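Look at the two complexes coming up: subunit A is in both, with subunit B in one and subunit C in the other.
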Partner chain A sequence: MAWQQPMDGSHASGSKVAAADGPGTQRTQYPYVTGTSVIALKYKDGVIMACDTGASYGSTLRYKSVERIKAVGKHSLIGASGEFSDFQEILRYLDELTLSDHMWDDGNSLGPKEVHSYLTRVMYNRRNKFDPLWNSLVLGGVKKGPKGEEKYLGMVNMIGTHFEENHIATGFGNHLAIPILRAEWCEDMTFEEAVKLVEKCLLVLLYRDRSSINKFQIAKITTEGATIYPPYSLKTHWGFAAFENPSKGAVGSW
Partner chain B sequence: MFRNQYDTDVTTWSPAGRLFQVEYAMEAVKQGSACVGLRSRTHAVLAAANKAASELSSHQRKVFRVADHAGVALAGLTADGRVLSRFLRSECINHAFVYDAPLPVSRLALRLADKAQVCTQRSWKRPYGVGLLVAGLDESGAHLYYNCPSGNYFEYQAFAIGSRSQAAKTFLERKFKGYDDYTPDQLIRDALSAIKETLQGEKLTSSNCTLAIVGRKDDGTVEPFEMIDAKRVQEIIDSMEAAEETPVAAAEPSSTQEEDKGTDAAPMDI
Partner chain C sequence: MGRFDPYENNGGTCVAIAGTDYCVVAADTRLSVGYSILTRDHSKIAHLADKCVLASSGFQGDVKALQKNLSAKELVYEHNHNKKMSCPAMAQLLSNTLYYKRFFPYYAFNVLGGLDSQGKGCVFTYDAVGSYERTGYSAQGTGAALMMPVLDNQLKSPSPLLLPARDAVTPLSESDAVDLVKDVFASATERDIYTGDKVEIVVINRSGSHRECIELRKD
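And then the complex of A and B:
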């Protein structure tokens, strides 16, 4: 962006020409490189978040080692689905925010609620200019408040819709993972229980979402800080009778 | 301070490296009626001595709520103070809108200081003629800042500004070391005592002082910035005066007992 950027985050307000469609300009029509679902849930020590490490280019599974969950400041994690370049841009805004917050060194720090609120303002403002950041963002974290540790989990999407919940999923996860989470989530799960539940959802997504790949990352955020675990794969089962001899009895042209 | 050839505008330095217009603005603060602020780890209290232009008029408003978690007491040109209070309120509201959280007090004080500094470096402006005691609460506890017309600001455990504030400062200097652990009630009492010092003999009543407090209780709930109503202030003043009298009353029964033991001075009726 070539113009001067004021410090209050208003630079995140995007393309100036989005409102007036002059020659050579266009409103954002569709995303190009996209990440698929992110799922997250609150557990005993904090928040756990997981997604696959793939980024698609239309129907091609183009990039296979993409980190779609990042730590924000000391207290939060952000996960994104949708246009990956917009996520990278959001990470830059958050970087600026958290850096200046850190440099204050005054005993105050941005918690997940503040980051979520900031992102909501940015996303909604961009949508109003018809120049959205084409993402669904999941924001989770834990912060010690005056009433003790407060876990936070929320999401905001490209049109600025935002809410907080005990479990969140984006994209296909809304349809495939949320029903499982609603049935099986409970308060204060242990880390192991939470991982098991998350893996159950990830597996369903792997089977049924064509843009997911079998390489996942799980991340957690607790009062100790953020941990993003190295990528790993889940065991899948394809030994169904219908898959044996798939061409048996098929009508061929020769 | 005397008139000199370097004091005409704020953008002229004196050979001694002073900006006289800024210093004159700080004089305006010293002419205003006194304000006192003090804080513990969890609460901050502001008190102001009310001055009325005449018996017929109401007194000047010197304590303003800036947000639920912060407020200011000012001394000097009250009109300038009102404008700055409006600015502070606007900053707090904007921050709360974007971040859904209260603006930390140190950052509020900084924005105010930066605004004041601008007026010390433009030939077409003048410094704000008001000093502000900014008191507030954020996640690192209760804070008190003093912002002066020069654009400087400092954090204080306790401070007093305005006319005869030195008397209040002397009183506070004696006691401030224990303030961290003071209860809100103790803070209020000391604030009132400090204001009393600036009244120089005039009786302290709820009509010549304003009191405000902000803080967080032990259970974590926030007590938002609020002016304490006059009736309650009068009750506290009355109980402070009663407490001053009781040590004297306690002395009387013991002196009648000692009479019998003989060696003390004879009773007063001789």
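And then the complex of A and C:
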């Protein structure tokens, strides 16, 4: 069949679609400075989002104090994994968006659903031009709707695939954190319960994701607004017998 | 790292069956990428007009953009013609919209179902670049190859070679057609990893449309 495309989601495999580049123009080929997983879940008062504060340059841990979660308007939080400079560009677009929305001065403000929809269109349109913003974005928030305070949590990736869920994780989090969230998430968790669950996921990611670091930020968004807590570390356990003397029992030098 | 790939297959299967005065359109609600499930509760169905429903599987970014595009065009049609688009009209519009992007296609596999201007059930089936055909029933998507043989056997499609041409619309009752849809989805779910979780079944008939969701295997 002519249009059988590779099924995997890495987006790095050879493309069968020829795209003519003009002379002197370049299109995004691969990401350089990248952030790893972001995880988020809905809880009783709103949405909680967390990620580490690292940004890698290939296999080098280049930046260790990077904020990958930011507030958007009065009602939303955005978290990003992938190319960090593209995230900064997206924040500039969102600034323009929230500013022009504010200048209408009509008492209306952009909620998380609207921001998610906007970001989806931006990501999809960039993908159409073969010049993607190399990110997976998590958008969470709370806003009053026709049925009262409505919590919202959604994700959009670099080619425009988007959906809404009660819990979201990007990158490695999809493989390591989502199974935990699917088993243990429930409706209307308290903030403390939500933090405990988030920390459980962050710990697994710390142990098993090579690009994660032990410095995290948790953020929450409620009807009172967005709060991004200062960074902190989790306790890890490395006291296993096999780590004490790793070469004990090794046969010869090979 | 290699060049960026603008497509991914988010999987899923869509089915439609036309009856004498109804049409059943159904699609599963699983959204996948690679070997992961992104969400178990994502609709692939768009209500484009009151007697016209589109189910699409493939790359979700393109599916949503396509459905949005068609919805907008339908609204413009309503403003210009002072009536909602009929299913056959929407069928042609969908074909044209798909062919418009012939050289950077919408990776969407569509099945359009509804009632024609005589109130009879109609199903239109498409490929990714807009070639289409009116049939009595169709399946598209990752589980289509598993479902079509079963549908062919149960709905006893007349040969297209017969003259005069025989109607492919099934004489089955609405509830029998819905049961058949549930059966084919249960079967495809067993063997297609991308099909499962839930099936959303929409029935369009003279009195409007009715929707139900049936649980499927989640593995």
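Throughout what follows, the second predicted complex is superposed on the first by the 228 of 254 C-alpha atoms of A that agree within 3 Å, B and C clash if a C-alpha of one lies under 4 Å from a C-alpha of the other, contacts with A are read in each partner's own complex, and residues count from 1 in each chain.
Definition applied: a contact is a pair of C-beta atoms (placed from the backbone, for glycine too) under 8 Å apart; a residue touches a chain by one contact, two chains touch by 3 or more.
Please read these numbers as outputs of a predicted model, since none were measured by experiment.
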Which of subunit B and subunit C A:174 touches, first, second, both or neither: second
Subunit B or subunit C, by number of subunit A residues touched: C
Which superposed partner A:118 touches (first subunit B, second subunit C, both, neither): first
Touched partner set for A:223, first subunit B, second subunit C, both or neither: neither
Subunit B and subunit C footprints on subunit A, overlapping residues: 8-9
Of subunit A, residues touching subunit B in the complex: 8-9, 104, 106-108, 110-111, 113-114, 116-118, 121, 145-148
Touching residues on subunit A, where the partner in the complex is subunit C: 3, 5-15, 17, 27-30, 120, 124, 127-128, 130, 132, 155, 158-165, 174-175, 178
Subunit C residues within the subunit A interface of the complex: 1-10, 31, 33-34, 36, 38-39, 41-42, 59-61, 64-65, 104-105, 107, 128
In the complex with subunit A, residue positions of subunit B that touch it: 94, 97-101, 104, 106-107, 138-141, 216, 219-220, 222
